[in-house]
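Could you have a look at this structure, given as structure tokens, before my questions?
Each chain gets a letter, A, B, C and D, in the order it is written, and its residues are counted from 1.
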Amino acid sequence: MNATLDKTSFEPRLTAFVCNWCTYTGADLAGTSRLQMDANVRIVRLPCTGRIDPLFIVKAFERGADGVIVSGCHPADCHYTSGNYHARRRFAFFKELIEFLGLPEGRITFSWVSASEGQKWREVVNDATARVRALGPFSGYPGTELPAWPAAGAPAPNPAPGGGGER
Amino acid sequence: MRVGYYPGCSLHGTARELDESLRAVAPPLGLELVEVNDWSCCGATSAHATSHLLSVALPARNLALAEEQGHDQLLAPCAACYNRLASARHAVACDAALAETIEDVLGRPFPSTVAPRNLVEVLRARLDLLRERAVRPLTGLKVACYYGCLLVRPSEVCSFDDPEDPVSMEEVVTATGATPVAWRRRLDCCGGAFSVARTGSVVRLSRAILDDARSAGADAIAVACPMCHSNLDFRQKALVRRGEAELPVLYLSELVGLALGLDAETLGLGRHFVDTKALVERALASKPGPAAKPGPRPSAPAAAAKPASPAAAGTEAV
Amino acid sequence: MARIGVFVCHCGENIGRTVDCARVAGEIGKLPGVVHSVDYKYMCSDPGQALIKQAIAEKGLTGVVVSACSPHMHERTFRRAAGGAGLNPFLCEMANIREHCSWIHEDREAATDKAIDLARVIVEKVKRNVPLETIRIPVEKRALVIGGGIAGIQAALDLADGGAEVVLVEKEPSIGGHMSQLSETFPTLDCSQCILTPRMVEVYQHPRIRLMAYCEVDAVEGYIGNFKVTIRQKARSVDETKCNGCGACQKACVVKNVPSEFDERLGKRTAIYVPFPQAVPNIPVIDREHCAYFKGRARGMKKDACGKCKEACARGAIDFAQEDRFVTEKVGAIVVATGYELYSIGKDQPAAGLKGYGEYGYGTVPDVIDGLQFERLASASGPTAGKLLRPSDGKVPKKIVFLQCVGSRDPAKGIDYCSKVCCMYVAKHTMLYRHKVHDGEATVFYMDVRAAGKGYDEFTRRAVEEDGAVYVRGRVSRVYRDGDVVKVLGFDTLNGTPVEIDADMVVLATAMRPRKGIEKLAQTLSVSYDRHGFINEAHPKLRPVETNTAGVFVAGACQAPRDIPDSVAMASAAAAKVLGLFSNEMLEREPTVARVDAALCAGCFHCERVCPYGAVEHKEVRDRKGNLLKVVADVNPGVCQGCGTCQATCPSKSVELMGFTDEQIYAEVNALAL
Amino acid sequence: MKELRDLATKLLAEGTVNVVLGWEEGPRGVRPAFATDAAAAGRLVFDPRCTQNLVPYLSPRRTQVKKLGKAAVVVKGCDARAVAGLVRETQLAREDVVVIGVRCGGVIADPASPEPLSPATVADRCPGCNSREPKLADHTVGELPAAPPGESRRDVRIADLEARTADERWAFWQDELGRCVRCHACREACPMCFCERCVADKTQPQWVDSSPHPRGAFAWNVTRALHLAGRCVDCGECERACPVDIPLGLLNLKLARVASERFGYTATDDPAVPSPVGSFQKDDAQEFIL
């Protein structure tokens, strides 16, 4: 469970798409409570789970993420009243589709973490990391081996603000 | 409409008139009753007092049989049978573990697709036909509709009517041309199966029901349960006080049959302990109603005109 | 070329202990487009902020990344600092390397690696940030209050006293609501009318309140600060400008047997009427359904069937030809205070899923009445002039049975909530009864006695201890008429025995439900409501009088069952919220709102369907000749709250949420590439 | 056939419509017809070869068709769902189109094939079809033919895939989708793909790689299936249009089942029924969310 236990083991990289009001704040609370957790997750902050497009997840895998976490407000708690309900339907379709396509179970974790659930956020992070670590690197994702973008530490040079994607 | 028919033990015994009357009214009401092959006892009052599993498994078996024989609904005219069938179905629907056990016990799948129906429910669903074919409306007859305790309760199991203030029996009685009276004890217990074990209690309870119906001005009580009928009809001699008149107790199907112009014998009205003759004569004296027009059942006017003969209608119906 | 400045904060030891801040600054400094990257002990301190301002000025930064604590903590601080140095504040973002990194990891190397990643993600985002302008919306400093019960009256008065113009809309001919029907109020037993009527008059006379009685809200357009409300003025058939409320018309009216709504059908009124003598405004209304003149008209009679009121009116105020009129009002805020109605006890139910209590005989047994009817019987202004007489034969009831929770807390009947006020008013009823009929016996069937509130429990105790009410814990199975008495069959669950009472009268404490038609009003206002129709508050604890639609507030029993003190408190709270809103000349809003690219939008309007705020409007796209090319979505920035659900739903990504655009997120995901 | 031709002729003659979209005999089986006069109307046909869904021509983006004026369209039961879809998503006003429903006994999978309708040639969606007579129609013509022959293999194929392990499914789909050449014929044939600019053509940012390598192919097919989730009308055109025979219908069908099982929605030709996209129930199943 602990990333520091075995230095030689595979350290997965997980991208987390979280909503600003519940999970991001819950992760803040985990911080203020000094809850130690695996250091494998990188959070991308969004206003609401309603803003999370399955394309984000697809793109994260394309860019070499071994796992993805999606998290937001519990039903009925959405800061925007109903963004998470719409997101839930979208995720249901997406989850069933990728399962049908055979994407290994455990690569994607959906969760509701409220602003008061710092502890739950730690569990989500640690459990997801453990699952993905057990699955190993997601090299089976189509095209991950393609050298279409530079290696880590030197992301796509992107000259102008408001400029295009990679290339 | 084809309906699975589960007579239960009573309708082959003490409640033969319910069976007879129901089979007689079925054709004019467009019902085809198909008795479930190889049906067994529902467990009635005894099973659930001794074994929960048995009390679910016995009705489940009969529902499973009905399912296998291609029915989607099963008419159980006895209120106790209906209640057991519905309760068992409810129990299985609410408890996945029990559902598995039941399938093990039955040795056959129990998908629980067959809906149990009671006498009142089935008759109420045919009100349009009844109104149309009621050649001998029971105008002026005041009827106390007695539901008893098993027909509408518990509400989550028997959801066809309001558990505390039902109306379905009154609707059927109104369709026969008779007038339902307003009275209070229509949902009270008659003493049920304690008829033999604690006769005193039954007498006390049933007498209150009888008194209330009488004081409401009823000419007859309509029932939909063999047990209630037994307590109110067979025990009535013990219930009435000196000088009090007896009150005929009729199955709802018998009232419907009278309105349809069927004769008393076909309807089993001769099997009652409390004499129904006066009541029947009154019914027969009533003029043919507006519904008596040439319809799909040509024998009806004949039955109305010659009530004494074994009417063609009755013969045809059975 | 982007010129990004990165500032890595040590937060004293908070970050520095676990994260090698110098290494973070160094690594990030190597990124293309980053022209300045430093670390500092306390970025939020004055010298820290000065570093940012200085770098913006000296290096001509086009974006700032502060790698420090959570943006929830200091985003505002640093954006203000950036703004102070002349940079658009929305070109400044934070990377959270404290809560999300240094505080939750121990391994210095792993934590530093992660901090670099987090900073890089935000650098890539900021490269694609665009300057945004805070949205400013002018505020119309007038408020609309819907509902003229005690909540609406209180809100209107507080608002008007606070200097705001108020339009108070009431659908009945008079304001006053249910409170005006009550005899006395708990827990003080002061006379309801005595405390209410002065406030009603105050509303009428207030120079800043426009009272619109016998009116209904028909349509609402616009958004916070700028609503346009269409109000239907129902035809009174009486010219308000001429009538002086003398009452001659009512004396002259030939129709005298219309069941009075105000007296809960226990009394009668005329066809031209004011609901009650203290009505405000004191201007009558002709009830066209019962009026002889209008009935004659409806039957097609050429001659006027009646015209007594017109003859009697010295001022010529009667106007049979009056029609509904529509008035438009511009307001900046709306307070919904439409109140409640009682649950229907019988078979006919207003909504699917609700079931009645046919077994309680309401409607068939005349001496079975509901709580509001009891109030009218006990009221000095009521049909019996305050004498407690039962409806069937006018006798004084010697024995009254009160049933609590009729409808409430009974999921089988479709209402699972507690109506909150019944325990208290039943206790009050038993006391009023004993005060009027000294030898009367009051029996109460209850499930629990819920008397939480100042002086409330003492009040119910008083009913029992001083006024001798008998409380029986249990439910009643049947109520029916038996000769002269009303038979009550129940069960005492503490004794475990059946109870049978021969009562003279039975009072049912029925559940409170929101007013009929509230769903339609809520849809008009685009506020959400629960499955019972009660208006949803924005947050059950922290935003109790706001709704999910900015600028629309809620007060009183239309939000949940409320008693008078609660309703008044909510109304004052709503008024305070509105006055707070009105204290600004312009509303400032975060510019994180969605924008539609009309050229790309195909007009499928999925965005409209998912928008929680109704911010998506239809816009026509025309060519130069004015031919309609297509109808596309358009986001009203005043209404949009920036959740971005529209963008994720839009199949062609023709709508962009500013501040969280696809390009920004794409860049963030990309920056995490191995 | 005569009924159809007479109706089309009448609609054109009365001026009710300017063009009737139907099918006519072509050099290689039937082909879409845009009948603007009586002669063309007299050539219209309907038989089991009329597999193609004509509703995509009603998309407001098809300006050439739009220029012809007000249209009537001949639809099978399945095609009528596409009309409903366009109406539901405000691409088409109901009153702007005259819908001529044809009663259908199934169509053949490959309309260019000379084989008659048989269990071997029937389109996979036809057996067991329960919308052989469109409800969303202004006119309905023809007698209801016998039910489509044969049995659908779709359910079996989905069950077969679901029975496999995730790895096996992954391998299967990587193989199938790996053939994708990104021609986007599936999109062009689809009545519900009516965007002004497909997200796959978006370049800033480029969510879906444009090249036909496995990464772009996977992203595209995931996106296509998701964008049709709860919207697909099951007309089978995408799969028929695919030049490399990817079983796209299986993906659509799988998600249609999800829509039905989770959200109680089945594709219908009633435009008033809201699609599961843009609506929600507070108690939607969420067993997959921790």
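Following the convention adopted for this analysis, a residue touches a chain if its C-beta (ideal position, glycine included) is under 8 Å from a C-beta of that chain, and two chains touch if they have at least 3 such contacts.
Fair warning: this is a prediction, and the values are worked out from it, not measured in the lab.
The central chain of the assembly on a C-alpha centroid basis is C. Mean C-alpha position of chain A lies 35 Å from that of chain D. Distance between chain A and chain B, defined via averaged C-alpha coordinates, is recorded as 63 Å.
Look at where the CA atoms of chain C average out and do the same for chain D: the two points lie 45 Å apart. Among the residues of chain D, those in touch with two or more other chains are 199, 204-205, 207, 277-278.
Among all residues of chain B, none touch two or more other chains.
Shared interface positions of chain A, defined as residues touching 2 or more other chains, are 59, 82, 86, 90, 163-166.
Contacting chain pairs (ordered by label): A-C, A-D, B-C, C-D. Taken in their complex, chain C has these residues touching chain A: 1-2, 27, 30-33, 62-63, 70-72, 96, 98-101, 103-107, 110-111, 113-114, 117-118, 120-121, 124, 126-130, 528, 548, 592, 610, 612-613, 641-645, 647-649, 657, 660, 662-663, 665-674. Of all the residues in chain A, the ones that touch chain D in their complex are 54-55, 58-59, 62, 75-76, 82, 85-86, 88-105, 109-112, 124, 140-144, 146, 148, 163-166. By the touch criterion given at the top, residues 161-162, 166-174, 177-178, 199, 203-209, 213-219, 222-223, 225-226, 229-230, 251, 254-255, 258-259, 262-263, 276-278, 280-282, 284-286, 288-290 of chain D touch chain A in their complex. If you check the complex, the residues on chain B that touch chain C are 155, 162, 164-165, 167, 182, 184. Taken in their complex, chain C has these residues touching chain B: 347, 355-359, 364, 412, 477-478, 480, 482, 487.
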